[in-house]
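One structure coming up, written as structure tokens, with questions to follow.
Chain IDs A, B, C and D follow the sequence of writing; residue 1 opens each chain.
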Amino acid sequence: MKTIANIQKEIVDEFALFEDWMQRYEYMIELGKSLPIIDEKHRTDSNIIKGCQSKVWVYAELKKDKLIYTADSDAIITKGIIALLLRVFSEQHPSDILAADTAFIDEIGLKEHLSPTRANGLVSMIKQLKMYAIAYQTQIN
Amino acid sequence: MKTIANIQKEIVDEFALFEDWMQRYEYMIELGKSLPIIDEKHRTDSNIIKGCQSKVWVYAELKKDKLIYTADSDAIITKGIIALLLRVFSEQHPSDILAADTAFIDEIGLKEHLSPTRANGLVSMIKQLKMYAIAYQTQIN
Amino acid sequence: MIDIKKIRNDFPILKRKINGNQLVYFDNAATSQTPQVVIDEILNYYSNYNSNIHRGVHKLSQEATDAYEKARQILQLNFNARHSHEIIFTSGSTHSINIVAAGYSNILKKDDEIILSVMEHHSNIVPWQMLCERTGAILRVAPMDQNGGLILEEFESICCDKTQLVAISHVSNALGTINPIESILSIAHSNNAVVLIDGAQAAPHIKIDLQELDIDYYVVSGHKLMGPTGVGMLYGKEKLLNMLPPSQGGGEMIDEVTFEKTIYAKLPHKFEAGTPNIAGGIALGTAINYINEIGYDSIAKYEKSLLDYATSELLEIEGLKIYGQSKQKTAIVSFSIKSIHAYDLGVILDKLGIAVRTGHHCAQPIMDYFQIPGTIRASFSFYNTKEEIDIMVNAIKRAKLMLV
Amino acid sequence: MIDIKKIRNDFPILKRKINGNQLVYFDNAATSQTPQVVIDEILNYYSNYNSNIHRGVHKLSQEATDAYEKARQILQLNFNARHSHEIIFTSGSTHSINIVAAGYSNILKKDDEIILSVMEHHSNIVPWQMLCERTGAILRVAPMDQNGGLILEEFESICCDKTQLVAISHVSNALGTINPIESILSIAHSNNAVVLIDGAQAAPHIKIDLQELDIDYYVVSGHKLMGPTGVGMLYGKEKLLNMLPPSQGGGEMIDEVTFEKTIYAKLPHKFEAGTPNIAGGIALGTAINYINEIGYDSIAKYEKSLLDYATSELLEIEGLKIYGQSKQKTAIVSFSIKSIHAYDLGVILDKLGIAVRTGHHCAQPIMDYFQIPGTIRASFSFYNTKEEIDIMVNAIKRAKLMLV
């Protein structure tokens, strides 16, 4: 199994190939489009995270001792970043998730999207990802 | 009888002799000290004009067809300017008083004291002087 | 006539580069940019005569007081108020509306009615909702048509002898619609209702004559008027302001204070508790002078040409829909593009140096009416150009290729 | 240690000439002067990233939002609040106090008690009087002694289980007295009363640790803190602010708006309706950083030396009486001279280039206590010098010769 750090490194290397923001954004838009759609039954109001402008849904369940996240957004660029975040965090141990940061977002030049003042709901989503990890970790112990 | 314009001219000429603000202010302070004290029975709350910081009293009565003003202030510089104003306005016809301006105050370099934003009550006092003139003019007619 | 080259030179921020591109600033309805004369006045204030006002005997305080009161007179003249003391300095439109709404807490009674329009900014909704909660008064909403125009007959039909207050925007910030305030005022006044006009979006573009229009209350924001942030105006007729209780207590707004009793000061001070935004007020005066030097007529004509050009160019884009197509509009274009989220388009435009606003524009009821989550809004000012509109239109086409 | 030459160079206004004389600015308790870094930040804002905050996707809006929120954090750190959302940007101390006083309108009941001290600024009296009018609550006043010191025992004796609120200045603006807020807080808290400390005059001079002192509400004004006009802070404990209703409605302070119902936003936005003083908030952060670079310790030590020097030099003048001789004082000297009206002295000092404040300093109850119409107040800052004090003392002597 790849560690969170390994995956982050992988992503950073991938993005290093892009020459400008256009390529980066095109790639993210692709990612956004190809993100498996969240199960309709989890696309509920209780799983919604409201940014000012784009809605974000997030859901998690435990399989063995690993957390499987699914998530979605109505904005495609937001969804692209979600795809990256899920690639990093999904199918990992809750304790590893809790220990991890999201510094790779900076390194691939998307820092602005995770600014706490950004009106896209991503910051709250990451908080929610971690909340799930806390909840399920308690369950495991 | 001297006209209001004559008196104003006189005052401007007097002040022209002063070399600096010190002399002007010393003179005004002298004027303030020598201003006949307002009759105690007119130094009432109803005749008071409240500036922010110095109190001003003003009273007027008609003698023949001329208005006799008396006025006072608790601040001596304010009182000095009052002395000048009374020299100009007292013992004049109400209609002449109403027609007159106070431009001489500018010319003798004391403009700031008659600024509407000045916290010394003088602007309100001048208004009150004119109000008396209006009232007594109606009485004469 | 607009000397666009000269004007653009007056605004230092227009030289800004964003992500390597020249800034194209089309977010003027949110906040307008600041000409150098206004910046210089702020600089001048803090470098030469910064001081607390109204009570100081010393020179700096006199200069600051005189400049502040002169700014009040500039506002009075610009809007043609009868008295300068009818001009209250506030911290912005929102604050101005709240002063009025709070003031009616003990005047309105249960079942009295307040009429708003469906196209109000949240700042012209929430204060009245709060007032209704306090008093038991009822909010009525005048509807609009699909073009974003107020339906005057509907307004007339709900305006009645129960109507105590009417609060309506002069210009809608989300759609650009110019409301027929003359008719609104005459209908309201014939029902003895008092009218507050929210002029936040009108004052930068339209010459307003408060006396001729017989407006009761009018509010504007400095930061939308080429002025600084944190300052605005509440105009109210003398008679009304004298009746309205002060909303805040403090220094400046009282004549005498003992622990038993406090005597309120006269207008305008009654509504100006505490040390105001002195630099802001003075600089707002400078901004108004700047606008008048260019001239409202020239501005209106020029901005109309920008609006027409942008509208026709945008409508060339397939799938693009414009919200707000009223005949009477300021230079605001609110639109959406089929299957593109406003946020996504906003992000790509930003990368290309173009600043537009996306979202509900603090006017959710409008979005609910059109059943959309939000729009992309380009709002123009007299320093914008057709070339900039071309840049935006091309950028949208490019973004569309990426996003769809 | 204070590098006075360097510091004076930071303040462009200190080069100002008044009536041919070098400006001596001793009106710091009314409004402090503004260092170049603060002026530059305002300039930078309007020239480079002026934009409306919090909802914008574009770069300028992001930069403005980040800078504004960073300023909030600077305030949080400076005053050591637990959370940055406990820091509410307001337009000044007066506004801050009014938010709190308005918020208790539906919390306080008839015969509940509010304690003030006799040395409060009008801004910390009138809002509470208005609250008492609305609720039937009763104002109690803690007295002071002839030195201008709060009589703590008397405060303790009126503080009881009826006491819901205590509102007291950290430092008196008219006398300079530093109040024993630790004791006040502990007495009030042991009676379950909530305490608002008016820090307008303290924050520029004293390092404050909100958590350590366990302060409930604290207010300051930017323009007294080397910052710009039109901006201030309200600190409140999270729990209290969550309970307090918002005082204004508008944009920013709501999550969702329909005409039926409005959901308020979380802290701090709940209390920040409308577009705030963005440039002001950012520049206030710069000002706080500037103060901290000099250091509160150095400032306190230096200003104490100015106070001691001024006090002893002034007391040499025959007929001069100082009001406020508490052991714990900031660098404020309030005085009068026998048979000279404060206004007259103020006028002459102004002619000589010296800016002092004269009058009741918005603290009439203090004047009533001493049975005087007003005082002359010289208030010092860390950019003032002993030489300037000499100039003032000589000027007073000269004025005395003219006036008596």
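As a working rule, a residue touches a chain if its C-beta (ideal position, glycine included) is under 8 Å from a C-beta of that chain, and two chains touch if they have at least 3 such contacts.
This is a predicted model, so every value here is computed, not measured.
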item	value
Each chain counted as touching chain B and chain D at once	C
Chain separated most widely from chain B, comparing mean CA positions	A
Distance between chain centroids, defined by C-alpha means - chain B, chain C (Å)	45
Whole-Å gap separating chain A and chain B, where each centre is the average of the chain's CA atoms	79
Centre-of-Cα separation between chain D and chain C, whole angstrom	31
Contacts with 2+ other chains: residues of chain C	19, 55-57, 343, 346-347, 358-359
Chain A residues counted as touching two or more neighbouring chains	52-53, 119
Sites on chain C touched by chain B in the complex	53-57, 62, 65-66, 69, 255
Interfacial residue positions of chain D with respect to chain B in the complex	19, 341-344, 346-348, 351, 358-359, 373-374, 402-403
Partner chain C, residues of chain A touching it in the complex	21-22, 25-26, 29, 52-54, 74-78, 119-120
Partner chain C, residues of chain B touching it in the complex	50, 52-53, 112, 115-119
Of all residues in chain D, those that touch chain C in their complex	12-13, 16, 18-19, 23, 25, 27, 30-31, 33-34, 38-39, 42-43, 46-52, 55-61, 91-95, 97-98, 101, 116, 121-123, 125-130, 139, 141, 221, 223, 228-231, 247-251, 253-254, 256-259, 262, 273-280, 343, 346-347, 349-350, 354-359, 362, 364-365, 368
